[in-house]
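Paired with subunit B in one complex and with subunit C in the other, subunit A is shared by the two complexes that follow.
And now, the complex of A and B:
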């Protein structure tokens, strides 16, 4: 039995539906990210778990207890907001102690816990400061300490790093992960930043327009995206519409070029359209023709990005393809207008579903 | 740059004259009660008058009651509107501004009809009833001031997120109100309260028509019958108002927690 179960959550605001059908099972101690562009419903899902929005349908079960109709204060969850939301009239100490006081904890027990929390976030010297006297990164640490001080069952974080500048964002991200592990707390983390989601999570839930697109480990979501949306939102991908030439051996036609996709496609017929994803870094540029899956292409432009050079090319039939070259391969770059040959391993091709909803998350 | 500075000084000087000349005139007149020499006789008269003390204390009590009722009614209302019915905000603001639009005399005649001797709730028949009616009337008058300053205070904090943060930490609505909302709008509530006190202390129409022994009618009575004392009294009233305004400034300038 999983620790947190979200079952068929749906939320509509008037006529518009913010979350369509969200189901998820999280294990105790698991770190799960909700990843998707702005407006896809991540915050709404989090707010339904927190008890700030009543679901239009579905259930929230924490540790076997159905909390769907409990008010937020009775759910024993910890919440961290993008805007920190520290109480401006209270010191760091007062903020961390707030939930403990509300719970009626004894004075010295509170002092003990506050001290422990300050040590956890590495700011013991700032106990007496007011939030307005702290940097953004410090405020967010205090907000984290305040949330976990009450020993919540689940930690909910709504883009907690988005308001911080890049350096702090990365260092706080690492601390956040370490603290989550140390406490062994189940965490649901909302972000629109794929790098954050991949770096932090055991599993990532990719969302788009209120729907769950895919649930999987960071590697699964990146290596085997299931939909065009996931392929392009998590990293960069060439999304290539192809026609099936031979469903058994997995040969498909991309424009007028036949390629080997190395997947048998028993449920598809010859002539069906399938959509394939191909990562730019999975493609090499060859000086000669002949090998399997080698395609003639014309270079449109070349962008040098330091560790990577990004080429935009066009293959037969006006299909645009992006290629990333690293290391040795990026030493001698072709010029715009050059005719080259592209090559990739058949296994690098990923078949995408048409948008498939109601995914059951495992 | 220089010309601008000169202009600023001229404007300031004109304004200072406009404000100070009448004050100095009144002060000079108030000090002339004793023939031939300046004296504080008029002030001594005023402060020594029993009715001054009675009416002033009565109005102070009224101001306190008004502020307490006003704050207890308006703070939760303004908070609830922001949290649960943000679309009603402009409507509520319009309603709270009505006492500035509807003349006090109209309100008080409405009261006299609704709560007069032959009504279903004859509040005006007893002193306590009439006092209560006056306090409620003053709460109405204070609506625009308290609501506006409270609402401004709520604007300066992220009410929704702070409320949610407190709720997620286990706080009940009353705890949120007392530990989170009020402390963070304290200065706004106080400035609304002092403004209300200043208005209640000098209010005439309600008090006079409800026949209450308040400071406003007393000032009017004195003004109609004496020469020097009213001048002294108006200086006292001015100093009082000014003192309350200074308190607003003092509290308004203090940052929360610092």
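And now, the complex of A and C:
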């Protein structure tokens, strides 16, 4: 049985539906990210788990206990907020001890736990400081220590890294992952940053407009996106509408150019339209023509981005394609207007479903 | 040489206020500071300050402080309750705006119009007094209430003290973040524990500071008290008024000393208010 079960959660605010039929099963110690753009419903799901929003339908079950109608304070959940939400009138020590004090823990035990938490976040020297005397990164570490000090059953993280600058974000991300694994706590992490979600999670739930688009490991979500939304939101992808030429061999036509997709499509027939995703880094520029899946293209512009060079090209007159070149391939870049030959492996092409909802995120 | 544009803008922006402050604050204060230590012939003396120790002046300060303190504490408590009720999404936005606008108007409603309004409402022949007698058989004057007394004056002051508190404390109340209450709930705290351990300590410096401001506001009020009670209640402001208007109590030297005493009391209140507010701002940064 799963440690956390979210069953058919739905939340509407008047006529507007924020979350549609959201189901998720999480194991003990699992780190799951809810990934999506602003307004996709990910924070609403988190707030329903926390008990700040009552679901319009569905259930929240933690370790076999139905907590759907329990108040937040009785759920034994820890939460880290984007704004840190540290109590400004309390010191670092006071903030970490807050939950332990209201729980009526003995003074000695509180002192011991606070010491342990300060060591965990690596800030034992700041115990006496007030939040206003700390940097953003330090405040968020304290917020994390405060949340886990009460030994919660689940840790909720509401975009905890969003307010930090890039360097601190990466360092805190690594600490967050290490602390979560050390404590073995089940964590639900809300973010709109796909890199964070991929780096931290065991599984990623991609959401759009209140619906679950796809659930899977970071590699699955990146390599085999199921919908055009996932393909374009998680990383960059060329989304190519094609016509089926041969459903058995998986041969399709992109405009007037035929390509081999290496996927049999028994449920489709010749002439059907399908949508394919092709990652920019899966495309190479060849010095010659004639190989399978080699396509003539014209370079529109070239952008140098440091470790990668991004080329925007046009094939068959009006199909725009993005290509990312790394390492040696990015040393001799074609100029805008140049004619080149693009090539990719058939298995790099991913067939996308039309948008599917009601996915069981188990 | 061309002056920097920012400098010119600053001079034009701050200049009129600085001129106003010099003409109507700095010069009068300096004048009364000098006058408090001069006799009728312009010689240096402590006699004016010694006059502050006479029984009638001591009583005036005691009554003024009593009324100011009572109206400040009661006004602060009521104003804080209103501000907390108006916080967040609990009240529809138009109602909230209407209440704040009303507070803006009533906090400046004082003097003869306010005195008349209270006499017409809860005076001996006031409308509310009459309605209470007619429909409920309650005569508030039989119960000991008297509008023309210390209690009555305190009650009247509340009319502008409470809305002033709402306006002064509202920014601090609005500064209470929803995330704090949610974080406290997640940590297992009840609403009462959150209020006691987090809200109260956060708001305390602002509430104390605002109460001091209300105290100073009431301490300096004269028109309402004079219009309502004449000289039947011995307040510092009324005593001061008596020294300068030229009747039998005419004593400009004592008037200067009384005014200096008031400047000291209200000045201390304002300085404490500013320090408490700065402390709170620093903590909440």
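Here, the second predicted complex is superposed on the first by the 361 of 362 C-alpha atoms of A that agree within 3 Å, B and C clash if a C-alpha of one lies under 4 Å from a C-alpha of the other, contacts with A are read in each partner's own complex, and residues count from 1 in each chain.
One rule holds for everything that comes next: a contact is a pair of C-beta atoms (placed from the backbone, for glycine too) under 8 Å apart; a residue touches a chain by one contact, two chains touch by 3 or more.
Note that the coordinates shown come from a computational prediction; the quantities given were computed from them, not determined experimentally.
Superposition model on subunit A: subunit B and subunit C are shown in a clashing arrangement. In the superposition on chain A, A:36 makes contact with neither subunit B nor subunit C.
In the superposition on chain A, contact of A:334 is made with neither subunit B nor subunit C.
Within the superposed three-chain model, A:91 lies in touch with subunit B and out of touch with subunit C [touch as defined at top]. Of the two partner chains, neither subunit B nor subunit C is touched by A:250. With both structures placed on the common chain, the touch criterion links A:71 to subunit B and to subunit C. By the touch criterion defined above, A:146 lies against subunit B and subunit C together after alignment on the C-alpha atoms of chain A. Counting contacts as defined above, subunit A residues 50-52, 71-79, 81, 83, 85-90, 98-99, 102-103, 130, 132, 146-147, 150, 156 meet subunit B in one complex and subunit C in the other. On the side of subunit B, the complex with subunit A involves touching residues 157-158, 161-162, 164-172, 175, 179-180, 183-184, 186, 255-258.
Subunit C makes touch with subunit A in their complex at residues 177, 179-180, 182-190, 193, 197-198, 201-202, 282-285.
Within the complex formed with subunit B, the subunit A residues making contact are 50-52, 71-79, 81, 83, 85-91, 98-99, 102-103, 130, 132, 146-147, 150, 156. Every residue of subunit A that touches subunit C in the complex is listed here, in rising order: 50-52, 71-79, 81, 83, 85-90, 98-99, 101-103, 130, 132, 143, 146-147, 150, 156.
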